[in-house]
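Given below, in the form of structure tokens, are the structures.
The same chain A turns up in both complexes below, where it pairs with chain B and then with chain C.
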Partner chain A sequence: MPYVFILPNMAIFGTFIIYPALRGFWISFQESSDGRNFKYVGTANFKAILTDPTIASVARNTATYVISYVIISTVLALTLSIIVNQQTFLKGMYRAILFLPVMLSPVVVGLIWNQVLDRKVGPLNQLLQALGGGSPGWLVEPKLGMIAVIFVGVWVHIGFYSIILLAGLQGIDKSVLEAAAMDGATRWQSTRLIILPLLKPTTLIIVILSTIHGFQSFDFIYTLTGGGPLGATTLIVQYIYDRAFQTPIQYGLGSAAGVILFLIIFAFTALNFLVGRKKEAV
Partner chain B sequence: MKIAQRKPSASTWTSISGKKAPTTANIMRTVLLTVISLIIIAPVVWFVLSSFKDLTELSARPPQILPKVWATSNYTQAFKTYNYMRYFMNSVIVTSVATALTLLINSMAAYAFAKYNFRGRDGFFVLTLAMIMIPLQVILIPIYLVVSSMGLVNTYWGMIIPAAATPTGVFIIRQYMLSIPDELIESARIDGAGEFRIFARIVLPLARPALAVVAIFSILWRWNDFIWPLLIAQDEKLYTLPVALALLNGQLFVPENIVLAMSVMSIIPVLFMFVFMQRQIIQGIAQTGLK
Partner chain C sequence: MKMHKLRSKIALASSVAVAAGLLLALPSAQAADTSTLQPTAKQLAAWKGKTITYYFYNDSQAELDVTKAQLAAFEKLTGATVKLDVIPYTSLDTTLQARLAAGNAPDVARLNNPGLYQNVALDLDVALGKNYKTEFVKGTTNQVLDPSTKHLIGVPYDLSMNGPIINVDQFKKAGIAIPTKWTWNELIADAKAVQKANGTEYAFAIDKSGHRVSTMFSNFHAYMVDANQKNVLSDPLNKRRATNALTILTNLYKQDYAPRDLWVGSGNKYASPSAVFLAGQVPVFFSGNFALANLVANAKFNFQVVPNACETLCGGWPGGKFLMAFNTSKTPDLAAYLVNYLAQPAQMKTMDQQAFWLPTRKDLVAQGITYPSRVTDMNIYLADIAATPAAAYGIQSVPTLTGLIYNNLRDLMTSVMAGKISAGDAIDQQITFIDTQLATLSKK
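== the complex of A and B ==
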């Protein structure tokens, strides 16, 4: 009887996750441009990934994005959650606002910032000009494009990470903080010496989660920059997608990139499990 | 300023929850949070206002905050001239059928994992959780080849079924079902109730809070989902809202003002849900760390 209950779920996992994963692993040692005829090429795809200059730029973009995204998200989420936690006046409202972008469709988020960051008619450059600045081509110049993508990435997800940290903060025993205050600790001292150390396991989870999310980023970038300007914001997931739907179609190369992405995400997810378990044990 | 000049109370932790006069720190914090809130809200407000501008105003320099003439025709045209209703209905169909299916099969699996002893139970459960480690992005190409060889590309079922079994859904419901007393199920069995009847009549109603959380997340995921329907819906008639918005954006036959109006309409249902379900959503995320 229990097998009947788990059957539909397991059948879907088998058909649409496990089997494709195994098949993807196998395809990564092959090449095909039509999905029907496959040619075994050994480790050529992986070698190409290590040597190809286009892929090298995708790797560089992904690394730049993920590292900046993780550091900024973690520091900002930590700061915001501590501030919101201390807030009493309209606390619920600020929390809700912080969380708002998480609810928006990433596709729409890309469209929103497309408007705001427009070089000529965007309100941001209008504001900058009013303040005596220039009008930078946020979505036109490669370096600025990356900055814009990182900023929007943080903008979308910061509420998500802050909420998890807020839950961690609420788990901190208030009497410890009260005792510290009675002993004459300033708020900054309490934050630095009590809250931050106690929040360490949750912070670590944020680092891991944001790393995983960073590597998976695709949808808002698709509508914000489309991977441009000049490929400057093409990250690994878009690269994989393009190998299946943009010429030149290279299923093998894309699958190999998928295998590499899997190894990275697998490592961080496993780490997340370990840290999560340790945190529960404490 | 008046407030700031009052005698500041000692900056202790207890003073935060007490209703004393605001301290400088309190004011600074409120100002900071207000600025951050503006950074979050202003782009969204700008976007909504822009959706009421016609094409000339959208390319006007310098841009104006408020539309000179409120072009509500952007919205009516999205329905009349363009296929907004179609995309909206596609999103509704995919979201609702997928959520119903997810609730059904996830709760069935969760029930087996929570209340039965069977060979391989722990193995299957670990396998279920391990599915989190293989995100869609990793298997984009092989899963596309699999789905297309099954003839599911360009079908609703192709958009609905493959992502219906969620490991996190099984996990949330199973954890909750563990708290349902075994005696309840046992006594129903003694009374002669069949296994499916027990599941449908006793277990499911008791697991309602967990089902609600999974339903909320499923709706959110499916409504905003982009990459999966992008792979499957290649025919414009099957586009869900995110796919339609992304692919119509920048195309000559659909003007920008229409895309903006469609975008604004597409986020309304989710915003409604957020307003009414805020607590469940935030708690769910805080507890499970999933998005």
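== the complex of A and C ==
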């Protein structure tokens, strides 16, 4: 009987998640330039990806982005959630402002920041110029392009992570903090020795989620930089998209790259989870 | 922009015929029955209540408005329903190829890269008769003839011509005469002078497109592929000319006379600087007649089309859009009729007039198109069609590769602008790329 209740959900999950995933896995061993005719090529697609001269820079870009994104997002979300949690005045407004970018379409986010970061007419550089800071080529210089993409990525998701951490913070028993205060603990000591350890399970979720988001980042980057300048912000998902959907389309290659991405995310998630559990056990 | 009430008839016949004559000799123009084809009672009975999908992109609001009106008339005539899918130009091929792969193909599409869809196109020789293709100026069907059967698999919907558009107010303010003939050096010198006088952000901007850049190559007498599917860029003279043209163009971007952010900062995507031109931040905008309707609707200043620069050679670079029906259609006869209907003289003429398109039908070319405004501009495009060298049409001999060749040139230019490679390196890499693509094509 319980299986009947979960059947609708499993049917949807199976149709839209499991079947496409299995189909993608199957296509990764095929060659197809039109999506209708397939030819089995064994592991040729995987070999082609690993020997593709652009894959090294894509891997480097993805690693740079994911590591920076996860660290900055986690630290900043922790900081912001602790600050917002301590606010008593206009608490709701601060949370709403923090969460606002999450509600924007990623495509719109990319387009907005594309305008803001324009080297000559963008408001950011106009402000920098007024302050004597020059006109950095955010969308023209490869290194600055990556910085811009990391910044926008963090800006988009930080509200989401902060809200999760806020919920975690509110789950901490206030009497523990009051007792610490009565024992003479400073605010920093309470944060370091009580709040952060108690928030560890929630922080682990943030690390896992931001790792997944980092690897999956594509939409806002595509509208912000298109993967440029000179491929400096082309991450693994755009690599998959370009192989699968840009002329000449190569569905086998795209699917093989998708399988590789799945394995990477799976490995990182498992690693995070295992490390987190091990520390908890200690 | 005020709509001028000019109603002078443009003598299209001579100029387009000259252009076409450069391609192939024109067969005698004769009206075929398909030019005013009407559905039979049997067809009407079969089509009633059917729905077909038209996959469409538009460069201007006028194109969309005219299309909607014509589809409404088509629905009234046939009793069928046409679902209009409006797609952004930047994802035109990406989305269509994904839809074809997923078995969700539209019935009819407006395309600019028909070579990609040869295998799934409906044979219009079968659907509309062998003589149907003779209704169009012969050279315009080059890209929509099946390579093996030479049957028509798409309809040339419009002919396009690239060229510069200038901000007249800014030229006047700078005291620079409106050019009637100029070289690329003069074009650049004028653009820089106008930029300086008006304090605009940039002097020159060109659509981020290998197709548009090919115009400059042609002016410098440099070509990539000839009519025999041969890589001619490897010819030392061609290579030197192309390198020279590329150096001049990319230097404008490197030196900030052109919007480098727009080109380099948009990755591997198409980008148009039309918004920069409309904002009055660049006095010379290199695009084509397809940009005109948008400018007419939105420009708050006087602008004008001026002739392409003459370097070694004059003229522009040919292009156009196509209508194609797909063989996956459940109602192929209805899909073929929609293609025919939209390309009938009455419909094509209205679209040409409202959207500033150039016709592809022999009968319209013979009659001439009466444009409601921008007559001088359209005449300049027509003169440039006539002045375009025959060699510019050579690349149409490889319709499946044109998009790839143009896009690779575009991406190599990005590397030159960013200082990663020299213009000479870019041309060398383009030669290798073309060789590889042609070798792949010959294997197929």
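The working rule: the second predicted complex is superposed on the first by the 248 of 282 C-alpha atoms of A that agree within 3 Å, B and C clash if a C-alpha of one lies under 4 Å from a C-alpha of the other, contacts with A are read in each partner's own complex, and residues count from 1 in each chain.
Basically, contacts are C-beta pairs under 8 Å (C-beta built on N, C-alpha and C of every residue); 3 or more make two chains touch, one makes a residue touch a chain.
Only a predicted model underlies this, so the values are computations on that prediction, with no experimental measurement involved.
In the superposition on chain A, contact of A:L166 is made with chain B only, not with chain C. Using the contact criterion defined above for the overlaid structures, shared-chain residue A:G227 touches chain C, although it does not reach chain B.
In the superposed model, A:F266 makes contact with chain B only, not with chain C.
In the superposition on chain A, A:L139 makes contact with chain C only, not with chain B. By the touch criterion stated above, A:Y251 is placed in contact with chain B and with chain C alike.
By the touch criterion defined above, A:Y19 reaches chain B but does not reach chain C.
Looking at the superposed arrangement, the partner reaching more residues of chain A, out of chain B and chain C, is B. By the document's definition of touching, neither partner reaches A:F151: not chain B, not chain C.
Contact with both chain B and chain C is seen for A:K120 once the two complexes are overlaid on the shared chain. Using the contact criterion defined above for the overlaid structures, shared-chain residue A:I97 touches chain B, although it does not reach chain C. Where the contact sets of chain A with chain B and with chain C meet, they give residues 35, 114, 120-121, 222, 251.
In the complex of the two chains, the chain C residues touching chain A come out as 93-94, 97-98, 100-103, 113, 116, 119-120, 201, 256, 259-261, 264-269, 281, 403-404, 407, 414-415, 418, 420.
Those residues of chain A that touch chain C in the complex are listed here as 32, 34-36, 114, 118-121, 137, 139-140, 142, 145, 222, 225-231, 233-234, 242, 245-249, 251. On the side of chain B, the complex with chain A involves touching residues 11-14, 16-17, 22, 25-26, 29-30, 32-33, 36-37, 39-41, 43-44, 46-47, 50, 58-63, 65, 104-106, 108-109, 111-113, 116, 118, 121, 124, 127-128, 131-135, 137-148, 161-165, 170, 195, 199, 220, 223-224, 226-227, 241-243, 245-246, 249, 259-260, 263, 266-267, 270-271, 273-274, 278, 281-282, 285-287, 289, 291.
Residues 1-3, 5-6, 8-10, 12-13, 15-21, 23-24, 27, 35, 80, 83-84, 86-90, 94-108, 110-116, 120-123, 126, 155, 157, 159-160, 163-164, 166-167, 174, 177-178, 180-182, 186-187, 190, 205, 209, 212-213, 215-216, 218-219, 222-223, 237, 240-241, 243-244, 251, 254-255, 258-259, 261-262, 265-266, 269-270, 276 of chain A are the ones that touch chain B when the two sit in their complex.
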